[in-house]
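In the two complexes below, chain A is the common chain; its partner is chain B in one and chain C in the other.
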Partner chain A sequence: MTLLQLRDFQVHYASRAGIVRAVDGVDLDVPAGSITGLVGESGCGKSTLGRGLMGVLPDAARIAGGSAVFEGRDLLGLSARARRDVRWRRMSFIPQTAMNALDPVLRLRAQMLEVLIERGGLGRAAASARAEELFRMVGLDPARLADYPHQFSGGMRQRASIALALALDPALVIADEPVTALDVIVQRQVLDVMRDLQARLGLAMILVTHDMAVVAYACDRVAVMYAGRIVESGLAADVLERPRHPYTMGLTHAFPDVHGGTGELVPIDGAPPVLINPKPGCRFAPRCPFAQPRCHTETPVLEAGVACFRAAEAPALRAAAALPATWGAG
Partner chain B sequence: MRRLLLERLGHLLLVLWVVASLTFLMFRLMPGDPTLNFLSPTFNEETRAALMASFGLDKPLWQQYLIYLWQLVQGDFGMSFLQNQPVSRLLWDALPNTAVLTVVSLVLAYAIGIVVGAFLAFRRGSVLEGVMIPTALATRAAPEFWLGMLLLAVFAFQFGWFPTGGAVSPGGSMGTLTERLTSADFWWHLCLPALTLTLFLQGLPLLLMRATMLEVLNDEFITMAKMKGLSRWSIVMRHAARNALLPVVTAFALGLGASIGGNVVIETVFAWPGIGRVLVGAVQSSDYPLAQGAFIMIAFVLVVMNTVADMAYAALDPRVSVGRRA
Partner chain C sequence: MSAVISAENLEKTFHVGGRTVHAVRGVSLAVSAGEALGIVGESGCGKTTTARMLLRLEDPTAGRITFEGTDITATRGAALLAFRAKAQLVFQNPFDALNPRFTIGRSLAEPLRNFGVAKSEHEARIAAAMARVRLTPAADWLDRHPHELSGGQLQRVVLARSLLPGPKLIVADEPVSMLDVSVRAGILNLLRAARDELGLAAIYISHDLALIRYVCERTLVMYLGRVVEEGPTPALIERPRHPYTKALVAAVPVPHVMQDRAPLPIKGALSDAPLSGPGCAFRDRCPLAFDRCAAEAPPLRNIGEGRKLACHLGDEA
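Showing the complex of A and B:
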């Protein structure tokens, strides 16, 4: 069952130089009860997409078009009041930087109770019991509810953020780079907590990350984003094992340990295009070793999980992509 | 918290001792003989020596210093040269007037500044901001005496709504502190000086509140509060204002300390019988014991309020007391 269905979803930023199309026509299906990884390099629009779904964007940004059908209703058509009702009750958020995401002058208990009482409608005693239960669920000692955020380690703060996100039993949790600021061992612990709770509670989760290893470790499905668009999506195992888009192929070689192999890391040369008045054609074409004349003039659409004119030749391209020389490395 | 308190009290005593010692030395190292202002040249040598002895000025300096410190600890500031009354009594009479003027103005200024500052942070870039910020800056930048005289000229002399100076109407007596605080006459006299001081003080909290509020509103935890679907009231009051208030609270306590001694100008313009005016009078008439007492009193209040500011910050911001919990 599809919990969230995005069609042609667009978020634009107003800037001095013009309109920045940070999210430019995203199609994405998020099934209930699974973790969907949203992966791409910095600036590809993946965080903006997550925040746009929550409906909380910086002043300069606005949702410019498309639809986002969540639990049968288009979020973009809702009144401000109905939109606010969805927030946190049905769809919650785990932020990138747990340090600033928690209010520094309030104890964790106050921050938990605030959500449980104001948004959850619980009484004080019930909310208190629920806060303790949530802390236990994420592997924190309920006694630490009396502490302030600065008394927590990075991993503990992230666990507290997860507890907060789960407070009102949402159907969908959007996690924006939830483990990026943590060291590898703590990353794994936090990912285990998230995966375990997701399975236990039957949640759907969108895990925004730039790290293919995180996708490989934690996600059921994956959508690869490049320059404001989804270029490839599907089951994580399929996409990681047999990428069909050259960008995904590049990504899998640019990160260690996805296949458990010992191959050298090969970067993708160049940088993503500026998203002010983007040129027609495939946005990856200027960096793509397999680009053809057509790629620079026509825009490929996402079909059968991939947006590439040469998708049919994927096995041959994969073989070529495995050679560092293909990416101009040396 | 208790260790912090003891530590701060230790600092406080040390600073007060240094201030008292410097004041003692300053008055004795000043050129000229203070007694010349006090003693008539027609006095003969014997009378002069007797008077000097009555003030203890015939003793060696170190003995004077010890006596001075010992009496200070007991709250004895000596006798005024001119008014023939204990300095402590003169100061004690003036202090409540200054305190009332300061506290009333400061509370008003900070209440207005905090509310308007927070409001302007929300209306960033509006026409209202374009009008309010220059207005706040202009009243803040205008010299106190000029602002005071302007208000006097308009509201006291032109319209006659308020008295032109002093703390009681002619013929009235000052009475005790409670009598003063419960008399409408006293509050009526307070209006113009308090208004002047409020206008002068409001700029700092207003601009400070606006600046910190703008900063806090960009913090991730405010974004998170919005994502949680919390009400605007919760976001602004519980999260934004609480965090933005921290520096303002510190400024308030410091302002309280500074104003007690810094009201000299306003107290002079409005003939308000406070510490500042006592100090000016004492300096003009070379009443050394009184000036010395006023200095120490002002320093004392300033240092105490600094400590209060420190403690308030620690009480409000849990991060300040970090490291003692572990």
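Showing the complex of A and C:
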């Protein structure tokens, strides 16, 4: 069942130089009870997409069009009040740095109770019991509810912000780079907590990340974003093992593998385009080693999980993409 | 080959709010020309403090540092300045490393001026350094300001600046962690090429074993200020011997869907208050700890094949 369905979703920023089309026509289906990785480099719009869905965009940004149907209702058609209601109760957010989710001057108990009582409508005793249950769920000692955030390590803070996000039993959790700032062992432990809770509670997650290995470890599905659009999406097993978009192919060769020996890593030369008055054509074409004349003038649409005119040639392109010479030397 | 830099029994103790923190305890290492050494461990393991001592940005509490055969542990004045030209740090965050008001050209000329290079040589040396980081022709870049460059381009400038004084040693602390995935590979390849072509000794500090595997022949694993395991990087990763190294390797996600998702062989989290008294500092998190681990600290000893291990379990670990 599709929990969230985005069609032509757009988020624009106002800047002195003009309108920045940070999210520019995203189509994405998030099934219930799955973890979807939203992956791409900085500036591709993945965090803006997550924040736009959650309604926590900065002042200069606004949702400029499209639809976001969540549990059968278009979020964009709801009143501000109805949207606030969906937020937290049905959909919640874990920011990259837990310190942004936690109030430094309040004990954890007070922060948990505030959400449970003010937004969840629980009584004080029920809220207290629920706060302890949530702490146990994420592997924290309920006694630590008496602590302030600064008394927690980075991993503990991230667990606490997960507990906060799960407080009202949402159907969808959007996590924005939730493990990026953490050490590798803590990162793994936090990912394991998220996977375990997702499976036990049957919730859906959108995990925003730049790290393909994190997607491979934790996600069932993946959507690869480039310059404001989804360029490839599908089951993680398919997309990671047999990428069909050249950008995805590039990403898979740009990463060192701890067991992969010392074969040459291949950078993707160039940088993403500026999204003010973007030119027509495929936005990856200027960096793509396989671009043809048509790629610079016509815009490929996302069809059967890939937005590339040469998708039918994917196996041959994959073989070529594995060679450093294809991408130009360093 | 003789070492470019070596350290014996480095110790660093900080006094914070009435508490004594032993950040580094008895670290010894040596790096030869053309060799890259990795230092891995979690935040707080002492890897960055060790690097800062090697660069003389931090004075060791005890121990000795030798650079090109000379004891530099307490060097001051002109000799310290000469050392600084030869031992360069590659900054972690390229967005902070350059003065935003200076043009790239001015930022690059600064170290040459500081180290007393004749002005007539500046242009040629800057052009050579820019070529080494593949920002060519240099003239296209020198008049720009940092905000006009992408993160990857900035990191190339930062690397060029580090190479300008003609160092024999470069120390890179998480050199690509602030950069986009698509450009990380380019920077790592440039660092490798600079090391090979110039015969530099290199030290990489990172928590990312995959990165260390890519650039370092040899690796030290640190835990709470101590080296717990050391060896050739491929052997250390494929056949880790210390229980901590095993957990560290197991924790690294790999970019393939089929991968080991078994629970990590480690207990709890890095404690705020490290264990005191005798014994192994890892014992409270070690799934294999036994009586002896609480009674005596295991020394770092040779175990053959160029490897060292600090664990009582030895062969069984």
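The rule we apply is simple: the second predicted complex is superposed on the first by the 322 of 330 C-alpha atoms of A that agree within 3 Å, B and C clash if a C-alpha of one lies under 4 Å from a C-alpha of the other, contacts with A are read in each partner's own complex, and residues count from 1 in each chain.
The rule we apply is simple: contacts are C-beta pairs under 8 Å (C-beta built on N, C-alpha and C of every residue); 3 or more make two chains touch, one makes a residue touch a chain.
What you see is a predicted model, and the numbers here were worked out from it, not measured in a lab.
Asks: Which chain, chain B or chain C, ends up touching more residues of chain A in the combined arrangement?
Replies: C
Asks: Of the two partner chains, chain B (first) and chain C (second), which one does A:R188 touch, if any: first, second, both, or neither?
Replies: second
Asks: One more residue to check, A:Y148. First (chain B), second (chain C), both or neither?
Replies: first
Asks: Under the stated touch criterion, which partner chain does A:V214 make contact with: chain B (first), chain C (second), both, or neither?
Replies: The second partner, chain C, only.
Asks: Pick one for A:E241: touches chain B only (first), chain C only (second), both, or neither.
Replies: The answer is second: A:E241 touches chain C but not chain B.
Asks: Between chain B (first) and chain C (second), which, if any, makes contact with A:L265: first, second, both or neither?
Replies: second
Asks: Examine A:R294 and indicate which partner it touches, taking first as chain B and second as chain C; both and neither are also allowed.
Replies: neither
Asks: Using the superposition on chain A described above, determine whether A:R73 touches chain B (first), chain C (second), both, or neither.
Replies: It touches nothing on chain B or chain C.
Asks: Taking the stated contact definition, name every residue in chain A that is touched by chain B in one complex and by chain C in the other, in rising order.
Replies: After superposing on chain A, no chain A residue contacts both chain B and chain C.
Asks: For the complex, which residues does chain C have touching chain A?
Replies: 42-43, 134, 150-152, 180-186, 188-190, 193, 207-211, 213-214, 234, 237-238, 247-257, 259, 261, 263-264, 266, 269-270, 272
Asks: Which residues of chain A touch chain C once you look at their complex with the stated criterion?
Replies: 41-42, 153-156, 183-189, 191-192, 210-214, 216-218, 236-237, 240-241, 250-262, 264-269, 271, 330
Asks: Would you pull the chain A residues touching chain B in the complex into a rising list?
Replies: Chain A residues touching chain B: 51, 54, 56, 84-89, 92-93, 95, 97, 100-107, 114-115, 118-119, 148, 150-151, 164.
Asks: For chain B, which residues count as touching chain A in their complex?
Replies: Its residues touching chain A are 219-221, 223-231, 234, 238-239, 242-243, 246, 316-319, 322, 325.
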